[in-house]
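Here come two complexes built around subunit A, the first alongside subunit B, the second alongside subunit C.
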Partner chain A sequence: MTSVEFRKDIFADERDDTLKEIGKPTIRQDILGHVTGRTRYFDDHLFDGLLHMRAVRSPHHHARIRRIDTDAAGRMPGVRRVVTARDVPVNLNTLLSLINFGRDDEPLCAHDKVRYLGETVAWIIADTERQARDAVAAVRVEYELLPHVLDVEEALKPGAPVVNEVYPNNTFDYHDKYDHQKLRFGDVNAGFARADHIVEAEYQMSPIEQAPIETCGAIAAPEQNGRFVCHTNTQALFFSLGTTAKLLNIASSRLHFIGGTAGGGFGGKVDSIVEPTAVLGAMLTGKPVKFAWDRYEEMQVGAPRGGERWRIKDGVMRDGRIVARQFTGFFDSGAYMRLSPYAIIKGTGHLPGPYSIPNVSSNVYCVVTNRTPATAMRGFGITAVDFSIECHMDRVAEVVGMNPIDLRILNAYRDGDMKAHRRRAKNTALIECCQVAAGKADWAISPDSAAASSLRGGGVGERGEIPETVTDDEGRVGERRAGRTADTAPATRGTGRIAAGQASAAVGAVPVQNPDMEIEVERIGHRIAAAQGAPAAAPRATAPGTATPPRADTPAYAPPPAYAPPPAAPPASAAPPPPGSYQPDQPFSRGVNRPGTSRFLSGTRRR
Partner chain B sequence: MAIHKGRGFACINYPIGMNLGGDPAQALVHSTPDGKFMVALSAIDLGQGMKSVTRQIASETLGVPVEDVYVDTADSDTGPHDMGSFASRGTHRVGNAVIRASAEARKQMMEAAAEELEVNAADLDTDGKGNIHVKGAPSRSITVADTAMAAQFKQGRTLSGRGIFLIPPSEADAETGEMTPVTCFAHAALVIDLEVDDETGEVTVTQINSAYEVGRALNPRLVEQQLIGGAWMGVSHALYETTEPYYPDRSHGPTDFNTYLMPGPGQIVPHHIAVLERPAEDAPFGGKGPGEMCANPVLPAIANAIYNAVGVRCDRLPITPEKVLRGLQANGGAKPQGLR
Partner chain C sequence: MMAGIPLTFLLNGAEIGVFVDPGANLLDVLRRGAGDLTPKQGCAQGGCGSCTVLIDGAPHLACLTLAQNVAGRRIDTTAALATGPDLHPLQQAFMEGFAAQCGFCTAGMLMAAKALLDRVPDPSRDEVIEAISGNLCRCTGYEPIVDAILTASARMQGRSA
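Right after this comes the complex of A and B.
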């Protein structure tokens, strides 16, 4: 049904295939535990007297909280503690504040108003989960309904309700200047003017759920010496630890986070909501506390991959060359920012897809709506734009009457091409992937396509140059809300020009702090340039205001040398390597069902 | 009323690591008294094989058998800082940190062995089977275990290493979007074959042929697992999944796996995969992360195949039978675009 072949014949001269362990199908260190049910997940850490915490959630998209009455809930059987926003020491955060990105905009618990359906307004801590759920139902909250907005483009209109006062224009403010992230490379409008065809379309992706088998959760307990242990399934241990330290205003040294094994993540376990909540519960009660989402919360309250809308406009020549491509994108961030503004910069750096296009522009908006905040998911910032670009490529192929694979190979980026974010492409392999996939599917491609290579023809002439670029200052923060800007697409008229060839230095990895930490070059298994992280393009300062930069500013691309010494006779065979030689020391016996023991009871649960 | 066959194509590239850098990963490696190596991390194994791939990287770099390496992650009291398992950064960032930590530990190990063998450390090599020998003279050797014992109890030397890997944070330009987003990219291209039922609007993917370029398949089985799982996820995203079926309207949101639709294990599409390996210069042994990127090309290839089958452009995800039927209705029936 399924087959896998390793095409060792392709790029063979760039690899040393004689490594000892790398490339072997070694069995996973943790797999026996997983398949026998013995691996310890966060929920397998049982504590005597474990308390259960559940959230009271908003039934409205947008409402002011007038009053919270917890008296009846507090008197319910088993209830140990009612927790509200007042109990959270620092009740405002943004996830990326740990890397100084964005403004604090999200409370752990709503206090003045709720901004999305399902937002936390209080918690109950009780002896059992059942008791906690019953008490949650007994909390009475008086709301004053506010108008809400759910569509990204509605939210940009001057009269739209303000969702989050930290971002009063319903957009993230990029660089404290614009209500969107710009990309400007060349002159798209001139490109459209000389194109034979214009192809336009709009694409949309609905929110989806990461859907891990194990929902987000954490168990926190007081340790000795004023510390708290937290067993968690976070995807980012120190993000969760740092966020908890900030929200609860305690030294990070008082937190002991243990995780490392998650029952699926796919991006949905980065947000660090359950960890500070569980530790807060442990702090307030002095007892071990579990806080975990049920499936409903995972699907409707836990952050999904957010909705995105993209519009693409291409200028295409009769022969299939794309000469201009313009994007207008909208990310639905939901009520708070979390990671969406960052993903937009990632998405912008990805444009115009893996193609060499001389004129590219883009405006992408991070829009606040009255919706569950969005977060990361497999392919974050890229999945929807790739969907849009690749559907669009087929539209273009139809308009010019070309085989869609030939169209892609014709426009594919190659080593040495200049990308729209002003860095040179290297280590490219799109063409080879297209050729191999077409071959496997018996989808005929043209002789030119079959002969193309990522290694040849890149960086030549226009392909390797940064064009003179038209800029504009449309979409300054607040303009749209004031009714002075309506169009969301990149401006049709420029207000400035940047001379050709302008780029600052590329950024590469920091070198090792001690030469002993550098693996010997001959053991790396592939070729490596002498100076990693060396500037790929000339510094911006060298040619300000010059219409045509000196040739020396953008050195002609020279392909890197082949790996030397070449591997001894790389196998041309397409067959995967033989199975590994892993043999456990002892026959595996721990999974055997012992008499009198439930097979569903793991060793860690028995007490 | 008929079943229409369609074929669609898509290709993509994918950035590896956190955009604009600024996402360090650290690793610590030390040997036990008898020459087994412990790798302490704070990376998370989500099922993708983080523990295994870092274990293999440590084994290769140290030059010791993989069975003699154990990865311990993630305990904030013992594991050094790591940003987390996201943005396809695990293999690239953590893998590089593990290489650096293991390289330093290897350096100590070779010096300890050199002292025992009374030779220059530069003349020694490992055989990957637990021995250290003089290059060109395999009989003059010492085991890693004896080396570790001597280092610990005779020489007073630790066989340990620390590693960090960081691409320093940089900015995107406000006016032009100029930036250094990442330093390496993975690639994929894929052909979808499917059938569309013009009576029910149902789409059945029948076959996938694909090529994925992953830098280097550090563990071919883990790569295979990612590519098959990722294709499944792509099919599911394209045709079934959403938390808001009438987005931006919030009604009819699914709340469990009865109403949140996904294909089951029995519906995994037959998939013929080719793996290409063009090592990335700054990636561990050239390996890029295959995990995130492999779902992406499936979505547009399915939409393109549906158009090929019945002439309906499906520009809104997910492509439910309702959307296909409404498209057919608007077009006045199926308009097959021709065999490919």
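Right after this comes the complex of A and C.
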């Protein structure tokens, strides 16, 4: 048994926990079922007359579907039903439409073209799995091959094939305005100009498959009361239920989802594909239907953590102080968006890592390619950039000839420091972690590093201030594909400025989230913030640029009001899009396609 | 659909008779035919070990075993590992040592471990690692599993763990 040492002396006044659970074996509440084999996973629910559903999958990365001939397959022994895109009531969705984020961009079953290898083009439902597999092999699909793109930067070039017509620039359109997520804090170019060294490097992380031992699957069956029961191993039961209701155009009250037991997931079981498919099968046949991926499908079609490429450019002084840091990031979303745009917003909030750097700039691109769509996996959006940042810290230490732990302690956030996304750092502990780690590794650190503390020196002078920030308007939606913006790195010339200390205005220029994601307090009946006149509510409602600057004496750790009402005046993104921006011409004949305004459509919810 | 060939074997000590399709694998016959749901299907290609059962005491992958080959033989699964209300020492040790998280690989792990302890009551750590080398786990990182098997072995030998 590994021994655990507690350092309760550190930040003892900031917490009252006793940590009495850590380091001791805990009896899991579900373990008796596991060791006796009685835990019921989705496939341990037996149904008489269970039918088996298998998908016909694209052998190509990118191809137009000319014709699907299922006649021979339909006549094969045991085949009960051939299912195609025409059978899906609302064959267009994006996962985060349930929280009003992004455009519907992904069919459950491809019909006009396939955008990644393994995409579903039809399904077969048969008495046995073997019969279903045999019939799948008998489906003839005529494809017209299209050029494909598998690299994020290739996909941004003007001549690159358009993968997904809903995002014709091959990028997610952030705030309906830019083809990347911006972060601007201070003036990086001024920082580079006064730095003694410039350190640049590129890092890349491959896609990673979650590979749970139990593959994604679901069994759906009609119940006697007009409902459908669905046993599933989803990691997000109500997400899957809502997605199924939307795709199948069925009231969510008619869906009885049973889950909670997954044979591993790690993020790979949130995409809600097997559930609507199995319920569709049960609706079309009136029988219990199982739809589960085999191991090949889990590895090829199951959405991985997306591949990422990051370039970091640091301006560093001789003494090791980093005075400017610039990021260019490319996130490989694959053929459809799913959770990737959100992962980038999360990752951008994380920059520039746990360090106080007075000038930070970042462009992150969520790129559509002909790869398997990416999804959640264990800290996705954070892991690759953290890996890159820490590799880069070592590189910087080498360039300035400094002990890498001393370099980290010198630049580490301390309590009260202003972060690049304009929140104050609190409960910081990197310095103490470095000190303890150095001690454990017998790694000598300087007396200054040994004496440093997260609780001292933070928020002093420029460390605690929002600097004057240089802004730019480069990378507007569509410009890059039109060949007018070749460079993906943050702009070298600023075109605007935000005065120092302007948190609200700066956030207006670099929105941290889609206003659609705000809690709809009025809809759910809460008027707490408005009734009590929470101080933050008023500035939020004013137009960007006219917001009241935060008071200098604002308490460092003032929590935001619990329920801020949505802005009274709709933000700019709700206005008609500027001329020249992308407006889709309804490429899909079925489903819903309202850019930026997708709504949960099960009939009863939403405005 | 199980039209076909009659098959009898001993499942956890009881004689079982089922009709199987020619070509059916033992895993499907155990789960669908005999109703023993403890062996799990993780890959159906012999890669993960979740379907490990004992055939005449030796660990086998049920997904790669032709069902007809077990005619008249003895199959043991996790369903009968506990005797009455008492857990097997392996189960007890897995439970106390946090040797399972999602639990999907656990039944196969227990069978691989039981086969080892039946053959080598006091194995070395390396022998334990070798014995479960065909069983994949994505959650625990294996160390608690190896620890639990060694704990169970010690207890069965009358030593304290």
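One rule holds for everything that comes next: the second predicted complex is superposed on the first by the 491 of 607 C-alpha atoms of A that agree within 3 Å, B and C clash if a C-alpha of one lies under 4 Å from a C-alpha of the other, contacts with A are read in each partner's own complex, and residues count from 1 in each chain.
As a working rule, contacts are C-beta pairs under 8 Å (C-beta built on N, C-alpha and C of every residue); 3 or more make two chains touch, one makes a residue touch a chain.
Source: prediction; values computed, not measured.
Which holds for A:Y178: it touches subunit B only (first), subunit C only (second), both, or neither?
After superposing on A, A:Y178 lies in contact with subunit B but is clear of subunit C.
Where does A:G263 make contact in the superposed view: on subunit B (first), on subunit C (second), on both, or on neither?
A:G263 sits against subunit B and subunit C alike.
Between subunit B (first) and subunit C (second), which, if any, makes contact with A:G349: first, second, both or neither?
Only subunit B; A:G349 stays clear of subunit C.
Touch test for A:T26: subunit B only (first), subunit C only (second), both, or neither?
both
By the touch definition at the top of the document, which applies to A:T128: first (subunit B), second (subunit C), both, or neither?
After superposition on chain A, A:T128 lies in contact with subunit C alone.
So, A:E223: does it touch subunit B (first), subunit C (second), both, or neither?
Once the two structures are laid over each other on A, A:E223 reaches no partner at all.
Taking the superposition on A as described, I'd like to know which of subunit B and subunit C A:V35 touches: first, second, both or neither.
In the superposition, A:V35 touches subunit C alone.
Taking the superposition as given, does A:D43 touch the first partner, subunit B, the second, subunit C, both, or neither?
Once the two structures are laid over each other on A, A:D43 reaches subunit C alone.
With both structures superposed, pick whichever of subunit B and subunit C touches the larger number of subunit A residues.
B
Contacts for A:D104 in the overlay, against subunit B (first) and subunit C (second): which applies, first, second, both or neither?
In the superposition, A:D104 contacts neither subunit B nor subunit C.
For subunit A, which residues lie in the overlap of the subunit B contacts and the subunit C contacts?
Of subunit A, residues 1, 25-28, 30, 34, 211, 262-266, 295 contact subunit B in one complex and subunit C in the other.
How about subunit A: which of its residues touch subunit C in the complex?
1, 25-28, 30-41, 43-44, 46, 127-128, 211-215, 262-266, 294-295
Using the touch rule from the top, collect the residues of subunit C that touch subunit A in their complex.
1, 32, 35, 37-38, 40-45, 47-48, 50, 77-79, 81-82, 87, 90-91, 94-98, 100-107, 110, 136-139, 147
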